[in-house]
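Presented sequentially are two complexes of subunit A, the first with subunit B as partner and the second with subunit C.
And then the complex of A and B:
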């Protein structure tokens, strides 16, 4: 393989470069260079953003949760509507709307809202997440789907009911797990 | 049955098919996402994310199975003196094909292995994909019969076939040493995984078996169309289906139905087209995503190009919203499948040897 001096120089340099790499790795401290710890920072930053989001949701939606827990469901919905104008597209608005509508027995609207929430934020069905609301979503699907199916059988041309059923299937599929 | 029972290769194929079916279900029992015990495209999307090629925080995990497939194949090929550096057959076309293999799989939600794992788990929504894969393989065969050919692979100087295996050795080091730049999901489907050692060992075993037997799902479909029951791969494929079905039934993973299946959507046309793209491309480049990994481990630099394309695809399908979800297929997903079909049509036109 090493036929002449040029080959030998190349091979020796290769060994030298590899040894230098091993030496650098072995002797490098934990925080060297301008990008040191960039990955750590990214993971940490992600966790901080997540925790900040959790406390933000608790703070902003706390009054709604209090109203819901005290049984003032209509007031809670009104408060949510108000919040929805401040925070358009926020999945938590849909999640709490779904929760409240479910308590009010409005299964169709609850399923639509819950599907919207899960589409925007998969954490609501993630057992390992602090935002996990699996039991709520499971009960909405278990109670709501048979009713929606029955009504659709009676009114097969009802397109909005068909959309609710599709949202229900979506939730069933997400609850069943699998790759996202 | 017209294959010889005394043929050692036949039993190897049977073993590889059976192993893929059984472990494909068991890995889900041990922690991988439901119906995704083995899914090369999902694993590639996860691994691309772990390397920072996309920013979906729910899809980042360096999947040990993937590393095992390649390194198992390397060890086996070296041990049986089958490792040969080869390449030089339309490398760019193969790279882009690898990318579109992941696009088609992501729109269906699963590679050809997962397609049949979903089917044997009772998921009827996978039927569109099955039809698409068979149609794609059939169209690909029609092309081959009419002279579509990416060109001959040649022995290559300089051991270029070692580059992709060396890349996977580096990934193994990353997996074990866990440097800070390798991202790991704490939520979502990438956070669901079997124990690292188990995943790695299963990957190594299946990679080695696939290398020895040349077993591949798309190749089995191809051979079944061409040779029917005379092909050992047909029987390997049957063993794969029986293994997956039996393990699914015994482990309680079987859930028969069309609706509410894990990691599935109801847009059957796009499931069909996504898998048609995968089947067609697989025939053109000589194997499905799993087979590309195994061939790359044998020193095939052309398959290595497809593997690199697959990693790029893994990043793109997540970054550009191409990957389908349970709620359906996005517009970028549909457009990408059409683009992929346009690509494979163009390749078929440009790489066709026409008789004078």
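And then the complex of A and C:
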């Protein structure tokens, strides 16, 4: 079978590779089974991503929060406009806009922004999440909805207000535990 | 014989369906003239509002004409019966309402406050000016005199704070030519003036466009929010036509497009508008109160 030296070298290499494969299979197997390991890895990855997101949000939106807390509400809104250039569609921009507009007494605009934030990221109404902002959203709904309803009663054909009301109902439903 | 009859019925249904979905409303009759207040130039007004006018013509089934109008000429031209509908700032709406019974149709939505906006008094971030009282002896730049959030709101804010701009400022001016609001923001940025009367919407747009940074300025005072630019109808209009016009505006969504010079253009995007909302005339009362306090038209007394 092994006619010349080249055949012999090939056969020896093949045997060596097979032996190495068997050795690796025998020694590298995890104790808890492959599925448990992968699960742990995924959970760890999720946790790392979540922590990274939190730290990212704190770093990028920190100046907005500082302006808001010092009462510079318009400057805070402008800072959000600026951030919107780098982070278009980021739910946290909508969340903070809603927060600031609520403080400015712009209830209808606040409801629109907060509904947009919750649609993009359900963590804002998850009591167990570090991003939970339920008190803010509850107060926007509690203060804003009666005003929107009153205005809509006086102007039943105001489509923009009807859309705000729909956003308010969406928030109410999510706060009550309803799904998307 | 049964099948040809069925075939004919299907063909008839197909033709009917085509006639309903395939054709736009016929545009005929005497043209409606829509006067649009110039923001910067007549050319810009035409570019912004031609698609909206074309859309309205389709919806109303009447030819419509876009007419750019200088703010200062608006009342005289409206009084002369030049326009069936007008698009003006909210102070001009009140002037035309009080003096010529203009009917409120719909209010434009744009920016963070939707159908409302505000006026701000701004200084550079590192300015030593901390309050309106610190403006004594300073140089201030305002927007055009008929601008609700570029002049009226800020003048009123100062009067409300017990500060008389006529006596206590060292000097104040209004920029010449177009892009007045941008010019006054830059005038403070480059140190030509100490303080400016800026519409909040312009600050917002310039920040979004990267022309200025949010860190460049400090807001010294800001007015309450008041209605933004407004569509009105001449009192002689058929109420059904005005209602159709209003409905066409509030039904507009960002994806609606029309063909202009062989190009499909988004109606709202071209006009720099987010949408339209129906407000009530009472929503404009804060502007009336400001105009009375500042002694401005239509309540000016000599």
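Annotations
Rule of thumb we're sticking to: the second predicted complex is superposed on the first by the 141 of 180 C-alpha atoms of A that agree within 3 Å, B and C clash if a C-alpha of one lies under 4 Å from a C-alpha of the other, contacts with A are read in each partner's own complex, and residues count from 1 in each chain.
FYI, a residue touches a chain if its C-beta (ideal position, glycine included) is under 8 Å from a C-beta of that chain, and two chains touch if they have at least 3 such contacts.
Computed from a predicted model, the values in this text were never measured in an experiment.
Annotation for the three-chain superposition on subunit A: subunit B and subunit C fit side by side.
When the two structures are aligned on the shared chain, A:82 is found in touch with subunit C, with no touch to subunit B. Of the two partner chains placed around the shared chain by superposition, neither subunit B nor subunit C is touched by A:45.
Of the two partner chains, subunit C is the only one that A:154 touches; subunit B does not reach it. Legend: residue contacts after superposition of the two complexes on their common chain; A:7 is shown touching neither subunit B nor subunit C. Superposition on the common chain A brings subunit B within a closest Cα-Cα distance of 17 Å of subunit C. Comparing the two complexes, no residue of subunit A contacts subunit B in one case and subunit C in the other. Subunit A makes touch with subunit C in their complex at residues 72, 74-75, 77-79, 81-82, 84-85, 97, 101, 106, 108-109, 154-155, 157-161. Interface residues of subunit A facing subunit B in the complex, by the touch rule stated above, are 37-40, 42-43, 46-47, 115, 119, 122-123, 126, 128-129, 166, 169-170, 172-180. On the side of subunit B, the complex with subunit A involves touching residues 33-36, 39, 42, 57-59, 109-110, 114, 179-184, 186-189, 191-192, 255, 259-266, 325-327. The residues of subunit C lying in touch with subunit A in their complex are 109, 112-116, 120, 200, 203-204, 207-208, 210, 213-215, 217-219, 222, 225, 250-251, 275, 277-278, 280.
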